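Chain lettering (A, B, C, D, E and F) follows the sequence in which the chains are written, and residue indices restart at 1 in each chain.
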């Protein structure tokens, strides 16, 4: 049996009918392509070599030469990232503005500002590594957490993405956090604000929403959701964007696995939220919230098989 | 110390002992290899370029030339997919049939039927993009959801896999949905039936079982399970395959994070299932099912630290 | 606008300041690089070709020649793995010992011992395949579970990593299980002990802790946590490492989706733990633990929308 | 023994001393990188798929769909080549001009003109294929010469490079002919003018100089040089560039292996130059130039061993 | 300036005009693609690992395991080569036959015959290695000639290609020798017959024609041509294919650099042909043919500068 | 038809018969693999980026950051090359010595000495670039010769290989010059000594033998051989290795295309050797050696067709 080319040509015509394109076709106004996920992956790999020298990359293991590598990597990131930031700006332009002549210039400036903040990011990540080691009895040393803990991967992506979002870069921050979401199962929106010494153990299923504010020294476990309870719609029935709608988690809080906190509530300093808990109201400081007699099966339906 | 080659040879012999092969060795009857996950990945990448032109791929950003790309991509998919479908047929043959002389022919026909349904799949996905944008206050525009939302990735894989499963293709649909399961943490069985305007926010941990039926305009959140309660065994103690055993979710339902619905129950049109809920009985239409006083910690064991 | 090179050079100097390196810089004492995740990925791919011949790889589909492939693959694994094991030993050395002159020798011996245990691992995995087929009504045949079930991926990684950990290899086992954690969302610590016929359905979000002991013929579902309730701190406020703190799960137990069992409790032989259950005390043998009246919404707050 | 890092740092400083950079350092004025040989290789591969559809590439083997491929390939070449042409313009700018603001625009226009000439180039190459088949008794069919004859490779590169050079593109044409020089051993300067039905058998060692003019239906063999006899120097002792200094070869000439013709001489229509001949004066039309009694060893020193 | 898409579309139409396709379009009758040069390169790399174990490949360096590698490599070559041989048969079919239903079967049989001749080819190549070591004072050991001498590369390709040609395989042998022609500058037609202990020093520019017959223990140098003097045309002015037209070189002959021998002449056993010589008549056995007084410049035009 | 596995197994056994291995099997004594041509290619690419910054590589185009790249590249070369040099030492060991325990140490020291000579090599190459620009009227600027002239490629490889050979490294130098031989058709033995300002135009077919000594400011053309006339055999009929047997070419000499000079003769300072000349005796200084009346066809057999 031969291929039915008349059918194939018909399908091509249907798929290319301008009327059906709609928003499924990205119609670039300024001939700038979409961001490159491959280049963004390379940028993230290179940033890890800069931030954790000796752990990533192959050859940066001597103090006498490590400065060459870091210098070269920074220059590479500067070039590659400026291009991706430009694409991010242009992607947004196509929705609203008639032209984006300044995108390239803005991208270069923004990227340089980002570069200048890398030492600050590195210092924050150092606290996250300490938190991971102190927070997991199974951790043997700092290096193990840097090299293979999902928490460090997710938080590194988040801290970089967050800085770019603060600098006004569209789209790129979300792509960066989705990379680590895919790899670790931890979904941190780049808009969230997270303090130092942050640790997520195991991590799969964690969701931290766009307007969350998390203090210092917070530890959470797999499956924890810091989400929105609901969101208001505008007069057209569309969700109103950007309203604070996720929890505030103060310093020194621990939230155990699969717990859920929803809405603009505050979980007070030093509190502990037990596993599987469902929280939609404020929790005062220094409070322990656990299931009422819950975790034992005497409160369950138990019978012999 | 030198390698102990007598040990190594001994291990080879043990591993190659025909008696120990059992079902761990795939003994192809017709010299057809297993499906290629690399080629299936390329097929999926190419289908994304066809379905969302301008978003994926590098050069398809002008209306004047996009038809060339779509035509070439369709032809490539036609060739690559026919080969994989053939391998799927042959994989099943090896279990039951004495020969599979018609596999190649059947694969070509099936692939062409699949191609002819792509415009329909594209239209469905357009509704899913609208649902993603309307369902997430953090979404800035349609394009962002197409380019980086796990929901669109998972649903695209599902809709393609489902169509192949409906056409009778074995194994391949499951491989395709496992690809997106691995990438997004969303596990949709290709056998499920899902209506238009479907959106899964965050998504990690979602499970949608083989015999689920989901209506239009349904929105679910991370960690939601639409599963089987239990499954009957045959006289040999083996599970009986193919029995309807997963929920029916009617139009306009919302199911919040980590809720679980089990068994062939119906969640009626317009209902809302709260987070963490555990549902094993029918839910009438227009019902809101939430934890009794649950989400507040007054019903929990609370004490000061 | 030109790049501000004085800023860039300043950032390089800040990032390279020896005082700021701290533990973020891996300072290899013996000029041995970190383990290569690329090579470990190749090792795992090759082991899959050895353990499931005909399923993975392209050409190993004839009984008459399969021994050549398995012999060559074993030799390749022997060479590649010895190098990675050496790196694992050296990584740990840098924390404590003045020199690691025996690392290479120890790595070769350890690797050979690992190789000699592959037939045993293969036999265990055969039981896991049977368990997957019997445990999932959607499974069409053994081959489908081998080729695309996350459970088989995760358990294969675990069984290999566990054997290396038992042989005293540092770091490498954790890297290997994190690979499958990333791919499947299933996080099994290589220190756990798991008996034959083990199956995890769907799997995303499963966590099995370092000191778990799981018997034969156990089946668990997505989102199940077998975790620690809390962990004691030493006089410096640091967690004490290595204390048994995770559940013991006896033979023939089933634990349904999103259930949590915490602490060194025992879930007795033949018991069933229902979905979403929260267990922190022993469960006697042959017990069924379900939510009290739970899964029906009459015990929930229900109202009409 | 440890690496001597003070020596290594000293070498870095020596190699980076601005005074020693000289012309060995390419100091781009406008931040435009050198042309990419990888991208130029991809451009040439794509042009071969356009010019000889069905021979190169994997899938273009049906008349019904070949137009899609050619359309997409043309668009890809248009994009990729415009970038490389721009780099070629900028490379020249850095030597002479204060700025190259029009390089991008000029590159786009030039590339479009090149695209418009592809049908003409295709027609010329069709004559070269005929010449190859007719000129080599070992050729079995046209397809064999297209798919594996060095002559077709070298002439395809030349005809494309020549067209770019005629359009005023610097550097790129030379890179393109050096690619085929490396692959085939045939060195045709892109400035040469070569008529239709041109064939070079075997080809290794052939040199065709910058100002050669070659008519129609010419056939040459391996090792033939069409070179310059000498070149005049200017008052500074530097060679004067661009003076006609290579042979004119008229229609229907054959030049056998390893013959050399030097200087602005004319080899007249229909002449034959024998192997190893050394020609520095005009050859009239319809002349056969062979070694006097040469090729027989009676004119050589012959003796029995 | 924007791309002129109407021009681009016009060029596409011109290039796709069925009338202009002609022989420049490969119109496969049976939907079999052209041979894959990538796969043929892999086949050649694999054959080198089989023929020279331990030299090529990474891990085959222990006598105890080398058989596994050779077994696996042979099986891989058997599979890959059968596919390429089939494509070679089909390529020829498209010129003459109405169908090629037996191509696949013929390809498998032919490939197996080729496999069975590999030990013979290996024995021949062993003699070529000896000849290279004995023929070059710069060679330090056998291994150096195997690992980096162009002669061994070219002769290995030739001996494999020749065996395929003898087995009746079209096109593929020529592709294989063109690979080494490109890499080494040595152009040996696969139809030539060459005896054992053959060595080509340096090699660039060597041409050995289709009907050459070369005896044992022959050594030639760079630039040597063993070519055709001329070739008869048929009544249509086309060259008559397949007539013996290249030299016979008997045992123990040495031909120095850039010498040329043309036509069906015989260079007798034990003779030596000097550099640059031009030979078109038989050379008796044990003869030394040198330039008459030639190589000294007293016979040249010499003058003081 | 099925594969004949008994034949295939028989061939494996024949190819693996220890008696037939002979020197075709590389039997590494110390478990050190053969040098990696891929790594050597990467070393050469990296050295080009060090020696010609801004021309090769993508990002090294700013004076402010180029030192980072050069530092990192040097460190990479230092690591990669030490490994390859070790393999070179071990390869030679296997022929003669009982153990090579010092190979690693010797390789590190040798590599560092090589690194320390890179500035000298760079200075030499600067003179070669000047010679290329001055020697070719078609050259537009220095950069063009650096970026695409075969002469610069071949001489760069030669100068690096020569330095390694002078430092006593076996095998590796020859591999490095064969790389450029393959790419350019220029075969320079790494043992030759070549002064500054060296240029080879076109280059295909040039051979420069092991014991050549070439002065400053020498220019040669394609096809020139500087070879051995013959070589003495020892009492066993084997060539005696290492005897000076190639020409000495003094300063300021030009040798035109396809000329041949053989034996330990001297071509005196300032002389010119014409194309196709055959030289086996000394040429005094300031002499022009051309064919006697040669290049005109009046001395040839000329007749009208």
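What we mean here is this: a residue touches a chain if its C-beta (ideal position, glycine included) is under 8 Å from a C-beta of that chain, and two chains touch if they have at least 3 such contacts.
Everything numeric in this text was worked out from a predicted model, so none of it was measured.
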| item | value |
| --- | --- |
| Any chain in contact with chain A as well as chain C | B, F |
| Interface residue overlap between copies chain E and chain F, same or different (over half shared) | different |
| Superposing rotation of chain B relative to chain E, computed on C-alpha atoms, to nearest 5° | 180 |
| Distance between chain centroids, defined by C-alpha means - chain D, chain E (Å) | 24 |
| Separation of mean Cα positions, chain D and chain B [Å, integer] | 52 |
| Of all residues in chain D, the ones touching two or more other chains | 3, 8-9, 12, 59, 62, 65, 67-68, 70-71, 74-75, 185, 204-205, 223, 258, 276, 291, 294 |
| Arrangement of touching chains [line / ring / star / complete / other] | other |
| Chain A-facing residues of chain B, complex | 50-56, 58-59, 61-63, 66-67, 70-71, 74-75, 78, 105, 108-109, 112, 115-116, 118-119, 122-123, 125-126, 129, 134-144, 146-150, 183-185, 202, 204-205, 221-223, 257-258, 275-276, 291, 294-297, 299-305 |
| Touching residues (chain side chain D, partner chain A) in the complex | 3, 5, 8-9, 12, 62, 64-65, 68 |
| Residues of chain E touching chain C in the complex | 59, 62, 65, 67-72, 74-76, 79 |
| Sites on chain B touched by chain C in the complex | 1, 3-4, 7-9, 11-16, 18, 20-28, 31, 33-35, 91-92, 95, 170-171, 174-175, 178, 181-182, 185, 187, 189, 191, 204-207, 209-210, 223, 225, 227-228, 231, 238-243, 245, 258, 260, 262, 270-272, 274, 276-281, 283, 286-294 |
